[in-house]
Every structure is written in structure tokens, then in C-alpha cells.
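If you scroll down you'll find the structure; I have some questions about it.
The letters A, B, C and D name the chains in turn, as written, and every chain counts its residues from 1.
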Amino acid sequence: MSRFQPKNPDYRAIAIATFEQQRAMKTLGISIARLEPGEVDLAMDYSADFTQQHGFVHAGIITAGLDTACGIAAFTLMPAATGILTVEFKTNLLAPARGERFAFRATVIKPGRTLTVCEARVYATRDGAETLIATMSGTLMALAARESVATDRAGVPA
Amino acid sequence: MSRFQPKNPDYRAIAIATFEQQRAMKTLGISIARLEPGEVDLAMDYSADFTQQHGFVHAGIITAGLDTACGIAAFTLMPAATGILTVEFKTNLLAPARGERFAFRATVIKPGRTLTVCEARVYATRDGAETLIATMSGTLMALAARESVATDRAGVPA
Amino acid sequence: MSRFQPKNPDYRAIAIATFEQQRAMKTLGISIARLEPGEVDLAMDYSADFTQQHGFVHAGIITAGLDTACGIAAFTLMPAATGILTVEFKTNLLAPARGERFAFRATVIKPGRTLTVCEARVYATRDGAETLIATMSGTLMALAARESVATDRAGVPA
Amino acid sequence: MSRFQPKNPDYRAIAIATFEQQRAMKTLGISIARLEPGEVDLAMDYSADFTQQHGFVHAGIITAGLDTACGIAAFTLMPAATGILTVEFKTNLLAPARGERFAFRATVIKPGRTLTVCEARVYATRDGAETLIATMSGTLMALAARESVATDRAGVPA
């Protein structure tokens, strides 16, 4: 049970639709594993196509999963007819991104009318053991439907 | 002319080799545009495969370019037989990542024996005009050759 | 000459008044050294009262100067009857904060209707030589006059 | 009960001594409320001397408490004869820092031989109710006793 009450009764369908519009998620092989109000888990299998010089998953790819997990988690709590932008995020890399599978787990820390703050962690599964490999804290922004994503504001689509 | 003096006379060949070992760079279509001691520019063409829900490049993909630009910039100043890890980075997203081409420009702010701090910016080119779309500040760590990337330390391969 | 055009012709008086309302600045001995549209320099003398265990200025105090420099720089570009909030910042500490005097230099990177992104650097002067000791990137938010600072939004007064 | 096993049996005495050497803590009225291996709580009473323009505690002062909480938490897990540096931190401000009393709660997320990553939160107590007002993620660095704090490395005393 999530501790959040969504404002949009269709939050689930809209969050899934937004996720599926992210072609990067399909290309990276990332899927939704769990979706509750304010909480999203994503899953990704290892792919050698997205590795760095030691054969581990690249930090930017790890960040892509963390960012989308945060964005969708924040989006579930926004009113209908709202767009979502990522304002900023910080990633701390704790251990090599090696494993067969990766779980991105995001939760809203502070929802807000304009800005929502999320935290996320990513765990690698390797030989059956799960290791925390990175953390994110990030700020997401709600964009009213009447506002273009091309406005002068800082903050851009997730 | 860079203001930095590299410790490793082979810095250029080793930096390029490390970049080329990052399979993620090849998959994302990112290449080296300029490489000087402590300064690296990367270039990426737009690809719909790596977009978010509005058709702009995903923030994680933008971050991948920024992170590798920072990592290679830091690496050029490290001694021979050193590995390189990303410790952390923060990305501020300033404008939508739309354009035909993206330029990632990283520079070392503070080189160090153990830790190096870099800053990077990414510019989108669209219809001939260049726009700053995101910034990164990040910390990179030198890893002595005798140390395994599997050590207990926080900080992981870029 | 600043590259920014302020929206509020009284930006200077209002920015200075806001700075002077920050009692923390007076307590820390921080003053305005330069104020242009989108650019602010602050100055602080060393005080043993605000040191950490090695006698250098505490990173939180350094951050206080960086944050206010960013906040006032952002504020100079906002319309009249607007409040200003700090949303987030990240500080990288590059060298010990030792010296007789510290200069905080902030500049707006991306102004926006709602969010403004700033960067700042702090330099220590010691025996006549100036050293870069820390950097900040931060996000500031404009708050319309009709909105209370007690709204549900994330983002709080600087 | 902490989940961490300290390497230094004297961790408590040394952590307290390091805290007490931070004159900034005394000046800000911050004290240790709880200290376990890898976990530290600090407490601070409201003081008008450290406020911003709305009378709330300045974000830099909040950051000072968060940073020291993280630094001492990391320090409890380091071996004897080690110094501690803050490398970087990021603070997200979630709500105004108003209240009679503030609790800073830090925990180590990933200890390491060289780098330790911590997270911290600060809660304001106002009229008996506690509100989460800010979060920090930060990186701390162990400094071997033989190394001067004046080394060329990035990373500086907390």
C-alpha cells in the first residue's frame, strides 16, 4: 500500500502510457515491474551494448533508468492533463553495475503542486545476490497542459 | 591550448582507447570531436531510439555523454597505469534536448591525485542555432592499476 | 556589463533589500561586493567562529555564501513582486577553505519564468594568492507575490 | 542497533572529539543527539541570527548540520588515525526551515576504504509536529594520518 493518494483516478493508465512513449526505455530493455501512487520499480536485463570500458553498465544508462523511475513515480501523483519535466538529478555510484538484471526503485519524497522531489536506488542481481549500486535524488516539475514544453522555463521533459 | 600538463605522455592514445572500449558510446552514436589535456568534446547525432515521451533525447542519454566526456577529460591528466571511476555527478536540465546534433564539452576544474572534479555542458544544434541544454558537475576517481575494480571502495567505473 | 536585461527596473534596490533581510549574512559577516543583472559577488572575512576541526571554514558556511550569491543573482532577473526560493544545490569542495578572505561569485546560467539555474564559485585569498575552493550549481524558484511561502510546493525560501 | 561494525574500537570518543573541534557547531548551537556506528543525529534550536529573508533558517546553516551529521556518521566507520574530508554534497530543500528545533539524521549508505557515501534528512519540530524539510546525499573521504590536508587532492576537510 502506498502512503499517497493520487489526484488523478486514471494515474495508472496515464503513467504507463507515458512510460511507453519513451522510446529510450524500449531500446534499453527497461520495463515497469511495479507501479503504485508515488512508487515505481523498473527492471532491465544486462546488455553488452550499453557498457563502459570494464564491461559494466554505463553510468548514464543506469541514470536513464533512475530518472524515468523518478519521473513516472512523480507523475502518478500529478493531476490530469499535466506534463512532467525533469529539473535536475544527482547520482552517486556505489558499486560496479555488474549483474544479470537491474532493479530501479523510485519513491516520491515530497509531492508538490509545481515541484516533486524523488529518490531512487538501483540494485544489481548477480548470481542470486542483490547489491545496491547507485542512488539518485531528483526534482521533477509538473507542466500544465496549456503550457508548451517549449516555454522559456528551465526544466525539460524527462 | 590546454592549461594542463599531462603526466602520461601517451595520454591521448590511452584516452581514445578507453573511450573506444565503452560499447555504450558506439551504441549511442557518440564520438570524440576534440581531445586535449583536461578537455574533451564529444558529438552525438539525434536518434529517435533514445528519446523520451516528447521525442526529445532522454536525460539519461544526455547524462551518458556528459559523464563520458568528464571521465575522459579527467583520465587525460592521470598517470600511466591508472583506471578511472565515476564517483558522482549532478545534471541540471535547462532546455529540451531537441536538435539534429549534440555537443558535450567537458573540462577539468580541479585535478587531483585521487579525485578529479569536472564540469561539462551539452549544446543542441537545431536549424543551425546552438542552445545550452544541460550542465554536469562530477567527481572522478583514479584507480591504481594494482587495485581491482571490485574493491570495497565506493566509486565505480564510469 | 552583464549579458542579462532585468525585468524589474528596481532590481538593484530590491536585491539589496532582500540580502539585508537575511540575518544569517550579517551574522556570518558576508557582504555584497558586486551586483549586476544575473551576477553577484559576495565577500566574507575569515572567522574562527565558523570553522571545522582543522580550523578551516565549515563547508556549510561556504555553502551559505554560495547559496545566497546564487539566490540574489537569480532574484535580479525576476519580475517585481516576486519572492525567491532555493530548490536545490550541489557543492563540490575542491580545496580547504583557508584564507583571510573569501569571494563568492554567482552567475545565472539559465533564467526562467519559474525556475532559474545558477552556478557559483568561491575563492579563498591567502597571502595574496587566490584559490578556487568550491563550486555550486543550484536551482532557484520564483514565487508569485500572491503565493504564500507556506504553499504545498517543494522549494523553500533561500 | 546499527548494522555497521566499526573498525576503530574508540570510534565514539574520536567522533565526539572531532565534532567538538568544529567551532562552527558550537556557534550554531548544534549538538550530538545520538551516535551509533554509521548513524548520527544532531539537534539545533532555532536562532534568529541564522535566518534568511523570511525568518526561516538559512539553507546554508541547514546544510552545515547535514554535512557534519554525514561527516561524523562516516567517521565512525573509519579506521584509527584517519582524517575525514567532505568531497561533495547535494541538498534538496522541501519545506521552509521553520520551527523551534531541528533534527539532522545521517546514515552511511556505503562505507568504503577511501570514499563513504551518506544520506541525511533534517526535520523541523513546530508546535509539536515534525516535518521533513531537507535531504542531503554526500561523499566523504578518508584521509590517512600520514597525508596532510594540504595535499593536491580534491576533497577537503568537512
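The working rule: contacts are C-beta pairs under 8 Å (C-beta built on N, C-alpha and C of every residue); 3 or more make two chains touch, one makes a residue touch a chain.
Since this is a predicted model, take the numbers as computed values, not measurements.
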Neighbour overlap between chain C and chain D returns A, B
I want to compare two interfaces, A-D and A-B. Which one has more contacting C-beta pairs? A-B
Nearest whole angstrom, what separates the Cα centre of chain B from the Cα centre of chain D? 31
Whole-Å gap separating chain A and chain D, where each centre is the average of the chain's CA atoms: 28
Any idea how many Å lie between the Cα centroids of chain A and chain B? 22
Overlap residues in chain A, where contacts from two or more other chains coincide: 87-88, 90, 92, 94-95, 110, 117, 139, 154-155
With touch defined as at the start, can you tell me which chain A residues reach chain C in the complex? 87-88, 90, 110-117, 139, 141, 151-155
Residue numbers on chain A that touch chain D, as the complex places them: 90, 92, 94-95, 109-110, 117, 119, 132, 135, 137, 139
Contact set on chain D toward chain C in their complex: 18, 21-24, 27, 48-54, 56-68, 83, 85-97, 133-134, 149-150, 154-158
